[in-house]
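Dropping a structure here in structure tokens format, bear with me for questions.
When the chains are written out, they are named A, B, C and D in that same order, and each has its own residue count from 1.
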Amino acid sequence: MAQLTVGQSAEFSKTVTEADVVLFAGITGDFNPAHIDQTYAEKSRFGGRIAHGMLCAGFVSAVLAMKLPGPGTIYLDQTLRFTRPVRIGDTVTARAELLELMPKKRARFLTTCTNQNGETVLEGEATVLIPST
Amino acid sequence: MAQLTVGQSAEFSKTVTEADVVLFAGITGDFNPAHIDQTYAEKSRFGGRIAHGMLCAGFVSAVLAMKLPGPGTIYLDQTLRFTRPVRIGDTVTARAELLELMPKKRARFLTTCTNQNGETVLEGEATVLIPST
Amino acid sequence: MAQLTVGQSAEFSKTVTEADVVLFAGITGDFNPAHIDQTYAEKSRFGGRIAHGMLCAGFVSAVLAMKLPGPGTIYLDQTLRFTRPVRIGDTVTARAELLELMPKKRARFLTTCTNQNGETVLEGEATVLIPST
Amino acid sequence: MAQLTVGQSAEFSKTVTEADVVLFAGITGDFNPAHIDQTYAEKSRFGGRIAHGMLCAGFVSAVLAMKLPGPGTIYLDQTLRFTRPVRIGDTVTARAELLELMPKKRARFLTTCTNQNGETVLEGEATVLIPST
């Protein structure tokens, strides 16, 4: 792949659908009523069903694996702060910005997700192994 | 819910299937060839397809939301270290152990995932908002 | 199966749901923002998310395999012209009309898809191997 | 996007899993026993279940939409010749090669799919609308 430069960034956007939430629950076993029970969710602080935080974290994984550094990237660690709920129908943009190139082909990224209103819904940092060229 | 006690723990186990990996790629957009291209993966350091790290993180989300603290739990933050690959067919056990009860109904957990051989594949800490009784 | 006659036709109708589009992206890897990013799609020429053209082509495959010539049909070739977008919520009718019986148990069909307003969204021709009786 | 040059090409590879075939059947309605009935398929000419041809065509759609010309590409037409069966477990590489740049931002591509043994399983041509820069 091309040379990586500190400050470089990439984005990936996806609308979160009800099907995504259903399938995420189905493959992980996380059937928190906040995600899958509309009656419960309407009475909760959020007033409706919200997506799993880890689904959003999956979009971070996607931008790292598909764009920067790109295919073949291996995850080493990730910190995640969930700062706002993501609702069904929201369009989330995951962004990775290269903070530091480290020894042994490792790199550290600032990773954030924002919704269609530009509000941050997730933030944290990732360390990955850069794929060999 | 019942009173929480520091040191208390809970587990959730699930076999990671090829369908889980296909669906996780499908809802997140993470088509890293390490996960979806057997020909590529056989030549990689892992010798075969591996599951997405964030799928495992989803099992951590599941044990928190389903068992401890249980339904209605809200994620605040999570750290994740991916220490070993998870292969299709592996059975992963996610475990949450209460480390600290904090003000404003928050709690901190040690969160780990191990495979069927007892090897740690993921470790980190979670902070969550405990559901109201 | 019963004797085939030139001019004979069959239809299959299905409403295109958001879940169909999510799953089609997931199994093919086609995450074109036109299909999965509502914010992008609203600004595009179509004013909203559209279904993958090949999902519609799948309905053609379905009418051939399920109705005419029916179970056991083997696809040889297909031409496809995508003439109008298919939106989430549209009901598509795929139609196959027998144009020609050919040697070696082959048959040629006119294949079209229309939406709920009768507008053609896809047209083309298929050649298939007729299943043995 | 960058300037397109005749002869330029891109590839996308994916292993075809049983889950892909199940889901493709589910969203299209194509329950041809060749794809979903192992007992039937074992007695057929192919000796086992094969993937839907249109699933492979979906990989062609993916390489056009994700790589060349890339996100925002709109399909105009596609010809497809299915030359060999694709079995569950096969790894398919879809390839698009730019044949011609045409007026009104259209482009024509040679599109092929090969399996892990380098055998062609699908071939044809695509015409697409190139996304605006």
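The rule is simple: a contact is a pair of C-beta atoms (placed from the backbone, for glycine too) under 8 Å apart; a residue touches a chain by one contact, two chains touch by 3 or more.
Treat the numbers as computed from the prediction; the structure is a model and nothing was measured.
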* Asked: So which chains count as neighbours of both chain B and chain C?
  -> A, D
* Interchain centroid distance [CA atoms averaged], chain C/chain D, Å -> 15
* Structure fact -> CA centroids of chain A and chain C: separation to the nearest Å works out as 34
* By residue number and range, which residues of chain C touch two or more other chains? -> 19, 22-23, 26-27, 29, 31, 33, 36, 40
* To do: Have a look at which chains touch which and call the overall pattern line, ring, star, complete or other.
  => other
* To do: Please give all chain pairs that are in touch with each other.
  => A-B, A-C, B-C, B-D, C-D
* Structure fact -> So, in the complex, the side of chain A touching chain C is made of residues 13-15, 17-20, 22-23, 89, 91, 116
* To do: Report the residues of chain B in contact with chain D in the complex, numbered from low to high.
  => 17-19, 22-23, 31, 33, 36-40, 49
* **Touch list for chain B against partner chain A, complex** => 12, 14, 19-20, 23-24, 26-34, 40, 44, 52-55, 57-62, 65-66, 71-82, 124
* Structure fact -> chain B partner, complex, touching residues on chain C are 22-23, 25-27, 29, 31, 36
